[in-house]
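Chain IDs A, B, C, D and E follow the sequence of writing; residue 1 opens each chain.
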Amino acid sequence: MIAATAAVAFVALSSAAVALFPRSILVFLLFQGSLLYAYVARIPGWLRATLLGAAVLVLMPVIGTYNGYYLEVATQVGIFVALALGLNIVVGLAGLLDLGYVAFFAVGAYSWAIFGSPHANVLFGGTGFPLPSWWFYPFLLIGLTVAAGTGVVLGLPVLRLRGDYLAIVTLGFGEVIRVLANNLDKPINVTNGPRGITPISRPPLPLEVSYAVGFYFLALLIVVVVILVNRRLEDSHIGRAWEAIREDQLAAQAMGVPLVRAKLLAFASGASFAGVMGVVFSAKQVFINPESFTFLESIGVLAMVILGGMGSIPGAIVGATVVTVLNLQVLKGLSLWLNELKNAGVTIFGYNLANLPTQLEPAKYERMIFGLILVLMMIFRPQGIFPARRRQRELGEQ
Amino acid sequence: MDFELLVRIFPQVLLDGLLLGFMYALIALGYTMVYGVLEFINFAHSEIFIVGAFVGVELLLGLKSRGVLDTAPWPLVLLGVMLAGMLASGALAVTIERVAYRPLRAAPRLIPLISAIGMSFFLQDVIRLTESLWRNAFNLVYPTLEPLNERFELTSTLDVSAKSLVVIVAALLMLWGLHALVNRTKIGTAIRAVAEDQAAASLMGIDVNRIISLTFLIGGAMGGAAGVLFGVQYGLINPYTGFIPGLKAFTAAVLGGIGNIPGAMLGGIVLGLLEAFAASYMSLLTGGAFGAEYKDIFAFSVLILILIFRPKGLLGEVVRERA
Amino acid sequence: MFEAVDVTKTFGGLTALQRVTFALDGGIASIIGPNGAGKTTLFNVFTGLYRPDIGAVTFRGRPLVGLRPDEITALGVCRTFQNIRLFANMTAAENILVGMHSRIRLGLRDVLTRGRRFVDAEGALWQRAGVLLERVGLRGKGNEIARNLAYGEQRRLELARALASEPALLLLDEPTAGMTQAEAGTLMALLRRLVGELGLAIILIEHNMRVVMEVSDRVTVLDHGEKIAEGPPREVQADARVIEAYLGRRAATGRAVP
Amino acid sequence: MLALDGLDVYYGEIHALRGVALEVRGGEIVTLLGNNGAGKSTTLKTISGLLAPRRGSVVFDGRALTGVPPHEIVARGIAHVPEGRRIFNRLSVRENMTMGAYLRTDGHVAADLDRAFELFPRLKERLTQVAGTLSGGEQQMLAIARALMARPRLLLLDEPSMGLAPVLVEQIFATIVSINGQGTTILLVEQNAAMALSIAHRGYVLETGSVVLSGTAGQLAENAQVRRAYLGE
Amino acid sequence: SGPAAQGKTIKIATQSPLSGGQAALGEGIKLGTQLAIEKFKVNLEKAGFKVELVPYDDQAKPDVGVSNAKNIIADKAIMVVIGHLNSGVAIPSSEVYKEDNLPMISPANTNEKVTDRGYPNVNRVCGRDDVQGPVGAEFAAGTLKVKTAYVLHDKTTYGQGVAEAFKNDLEKKGVKIVGFEGTEEKSNFDPIVTPIKAKNPELVYFGGIYDQAAPFFKQAKEKGVKAKFLGPDGLDSSDFVKIGGKAVVGTYYTTAAAPASSAQAKQFGEEYKKKFGKNPEPYAAESYVATAIAIKALEEVTKGGKAPTREALGSAIRKVKYNGMTGSIEFDDKGDPKKASYYVMQVTTDNPEKWSENKEAKRLAIAAPAMKK
């Protein structure tokens, strides 16, 4: 009862605080913290669902009207949550280390970018493109299919490989896709090379909502579907087969698990999530070029999965949220705050920050702190934030 | 397609590829040593490598500003600088293991991988911070050791610079030394024993932690030496320079069969040759439709092909899976 | 029902199996032989993990050579491993459910829609897992992580997992290794029940001679990859070559068999 | 020589040893019997320092071993042949043997090598073979020979007969007796109770982490409970 | 001083990569802006405003840039953004700025698409790829009179864009292109140099930035390539000779920044060095100019102590006539400089301290192309 009151109060107060102080990153963090609290607190299931539902369906868009930046952060969190959940299947459940995951994201993104922009005219001639903007919606499916197909095409030859050999091949594949995107403006101009493709059509939205809100809900909707699919897969013979492969591939096969088919399915479903989000990403950005699909991006998603807790759905969600929020919000907020102190000429320990040499500009060291946080998290919580838990089941024992 | 040209530059391209390959091989040794013992990819090795390069450049710049760089005999200078680089990188590698990997030894394999990635980010910016404060610049240029720039014309279409020869000789020496150490000495045997079974090794009286530290020391020192040679060869370094060669070297290590020292060498050379031939020939062969920009695609595609047919790398032992 | 003809397998220069012929129509057949004789290798050939250089293996008239291990399991041949290979971080019950994989007739669509069919089927699977656990004496351990089970329990869980695939032929590789004599006895009783109640055929690799003598209908002896003897337990036990290569003098002179 | 007292050992939450106390005197063969999971291996691992007890003491030659890392315990004269042999598969037989003598700096290593080969002539024939390709019995011999290279005064053996053909089991037990005859004290964990009791001087029976029975080998062999549970009668 | 404005803060934001591999260039943008703010803020301060710099690190990643952009438009005190380094970040981020009419002045984005979208808030002070490339071609064919050329670029928007423009124009002028390639390589150019040497062109053009161009030219020279070297304004940094040494003396580069021997440019270089202890990176000068323009426009819209609005500032920027070290700048209706002066410079010495003494080889004034429809 106390927990329930606390949770409701926490969420309500923190969201009110965001409305009052729309620019305070600390307050917004508090709001995010309240959601996490509502998730872990010992409160009735319906209350948890109501609180979280209200937060993401109502409060977040409202907050977005006070400060669009938060909605952007939330949308990007959504994109990365879907990516992390996809990679979680491949790495967390099936145990296949994929270091080139972002390639599938790229495939999805380019599929809409090419046809949703005038660029396709260069490719096919004529003036028929961009496709009418409602095509965006069918393309969610097309992007999914193309990415899944790419997953299968990559998977077929390489899934024989184990462990780090697979890792290096996927890394290579990721690079191949990126370099291809960067180079396929010649001899035929498919991707427009480094100059990228723009303008990419945005989908028509119902009820005249703004794009910011529209993309937020779109991302949210996809995340919900992805979570649902993820849970159903995980909690079935397919998910169990993946885990068995992760634990002992030879024994799994000897117990009747068709290795190639199961692995391909893992690759394809992981890839398809990335593909869908790629389509959304390209429309949201209006412009894409290969710089969004580097190796570091793949590493980032992997860090989310492991930080959250390998093989765990809540883990992947929280991992993606933490890394994204850390990168886009906390570290940025920190350096902006330090910058303000500096501009205001605040003195600490007798040292006037205004004299801080430019070498020590806080904004420059965000990645250093991110790296440090990764190391510390691994050392102090190696199992991840929300490690996978085994469900207890009723069995047919008399 | 200009066939005559293709033939004419062939020896030079071969040499270019070999040189690049030895460079990769040198860096790959660090990955392979660590992988051999702990079975994990030390992503921070590229920074360990580049720290060697930075220590080297600082020393050379120091010597230069004191005006002794051109008077001291160059082999001595080079050797001294390399030793310093090796020491620094080795010490750094040992420290990283102590701080960021040892607490995670019992954790699943991907955990130290992420820790290593974090370390890699962290170190890049620490190097940058240090150099920014110290020199107010972090793109540093290696002072030239003039005698090393000399070029020898072997034929009218083939020439080689002294520094390239130094890289090749140093790489061969180090590879041979390391191979001998690991396979012919008691310490080397202990390293292999720890690699296989840490608990059993400790029951032999082997101090597992010390052996692992030693492995990082050796791997790091090799990285440091490679860093200095890299700087001498290519001239320009910054804190982020290590990343791509590091990735390539790691690829080379895998290609050769990770954990295998001659494999690292072979993998490096194969990758170097692939890249060199792709970069030099791609444009010639396709009449300009594809160019040097495709060299990585070509290299990675061949890598994938090789691994499909030899899933444990070129020299990787097929560790048999017994049921 | 099961037949292997002229199975030969070499590793590099080493001939691990040399023209081994083996047939079984039911009951329990044991394979014994010195360490390294090729017993486990024979199992690996039977279950598709190794492809023989020469020779044919058939089960109910179907050739097995060239099939993948999972296909062989689906046909009704399943095994346990000499060094226990459970899915260490999954629960005991989940281990068993993986064993049922080849018998599950649900598609991706059922999984994603989670309809009636799926829910019913899934419920039945868990139900059956409980029954199997009980059968091997692991009642109440279904939700334990496999890694945390005691060694003997793990051996029995492996057996349950193999049974979950509803095999007609079960291959057991040293199932009593590391068990006390009493525990081995319990396991033997279980095996005999399985043969009796389910009509299962079993091939058993064992070094525990007491077990071999007690449960086998027939014993095959391998040495250096070749079959050196075959027949009823008593006969084989008295074979001079078997004593020489495998049993040792003490066993032959009739003193306490270990 | 070795005394354990009130040992409590945990694997995370699992309480594996509960107040185990036992003693091994110089020159003895002492055997430890018990069902699967009784805690026999855990006991040996605690002695050799692979596991740290939460409570209780291990005293060897009058000095406490608690908190001493495994490699130093080897230096004090205890060698442990672990469950499942754990030889170094990728090292040659000779290299495995040199690892056994890792800590030794005296000049008698070569002589000890010859002595080990007298005991196990089979190993001498396979000197350069990669250990992973040895047969099971040969691997077991190697594991024991390797431990002897440390010149231990106390040898801990964990199920040396597991997975071995009967003829090899006989050989191994004969070897244990002969090692003991040359002055090495032995603590033997065995599933094959009959064999173990036939060569041991004394024995202890463990059940779910506690010592429930102890006595001379003869007494134990006569004990009804032991006969039922471990001798299979 | 206008009491109405008393205590009001005007923030000028920069967005550029401050961490990661492109940090050095991104930092140049930030520092150029910082210098300009300190130098030109007096009038605004007199009017009662406090002027602050807010540097953002876009990590050269589009998603980070966009999220920063959202944060920037939410901070109502930010009046203008100076940035970005990468067109790939600038284009999606400026979509966000446009939502709130926040003016952006780019010091470095040469991609045609940046301004060709015709947004009223987006401007740039740098040249366009399709202008600078032809300037180089004009010089190569007209002045150097080369017959054969080899073109290499760095596979970035900038490098490839300018290289392609250069190549196309050069071909039209009848020069034979013996090779056209891209590379992401940063250290080892051996395999690229080998065929160049064999083909023996009269000119080698590198479309890209000094940190790649210098090692490339250096290795080419050392390997015996005898061609003349030419490149775009990415080479305009004293680090070019610091890295390349003697080997790159004689290299030509095109730039919109006036020769540092011009009084303004010289002063900028000295002040920059005094303040930050190093020579300006490429784009530092452009950022300085962009900031100066922004401040000039700010002075205009705050006349009489009025609080500035983004919209007003946007149109004020379009009206600014600025004469600085990159020549006189006036924006056309797309936000491109109406007429850009270009200089072709030649490196005269390997002493980085004397970078400013590089020789002017040619001067050209070219108008930006009108918006394509």
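Heads up, the rule we're going with is that a residue touches a chain if its C-beta (ideal position, glycine included) is under 8 Å from a C-beta of that chain, and two chains touch if they have at least 3 such contacts.
Please read all numbers here as calculations on a predicted model, not as lab measurements.
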Under the touch definition above, the chains in contact with both chain D and chain E are B
Greatest centre-to-centre gap (Cα means) from chain B is with chain C
At the largest C-alpha centroid distance from chain D we find chain E
If you tally C-beta contacts across B-D and across A-B, the winner is A-B
Rounded to the nearest Å, the gap between Cα centres of chain C and chain D is 30
Between the Cα centroids of chain B and chain E the separation in whole angstrom comes to 35
Cα centroid separation, chain A vs chain D, in Å, comes to 53
Taking each chain's mean CA coordinate, chain B and chain C are separated, in whole Å, by 48
Where chain C touches two or more other chains simultaneously, the residues are 49, 81-83, 85
Check: chain D positions touching at least 2 other chains come out as none
Where chain B touches two or more other chains at once, the residues are 125, 128, 136, 293, 296, 323
Within the complex, chain B is touched by chain D residues 48-50, 69-71, 74-75, 79-80, 82, 86-91, 95, 98-100, 102-103, 146-147, 150
Per the touch rule, the chain A residues reaching chain C in their complex are 229, 232-233, 236-238, 240-241, 243-244, 247-248, 250-259, 265, 390, 392-398
Residue set of chain C touching chain A in the complex reads 47, 49, 68-71, 73-74, 78-79, 81, 85-91, 93-94, 97-104, 106, 108, 111-112, 114, 118, 122, 125-131, 133-134, 139-140, 142-143, 145, 161-162, 164-165
As the complex stands, chain B meets chain A at residues 35, 41, 99-100, 103-104, 107-108, 110-115, 117-126, 128-129, 132-133, 136, 247, 250-251, 254, 258, 289-290, 293-294, 296-297, 300-301, 303-304, 307-308, 311-313, 321, 323
Contacts from chain B onto chain D in the complex sit at residues 186, 189-190, 192-193, 196-197, 199-208, 317
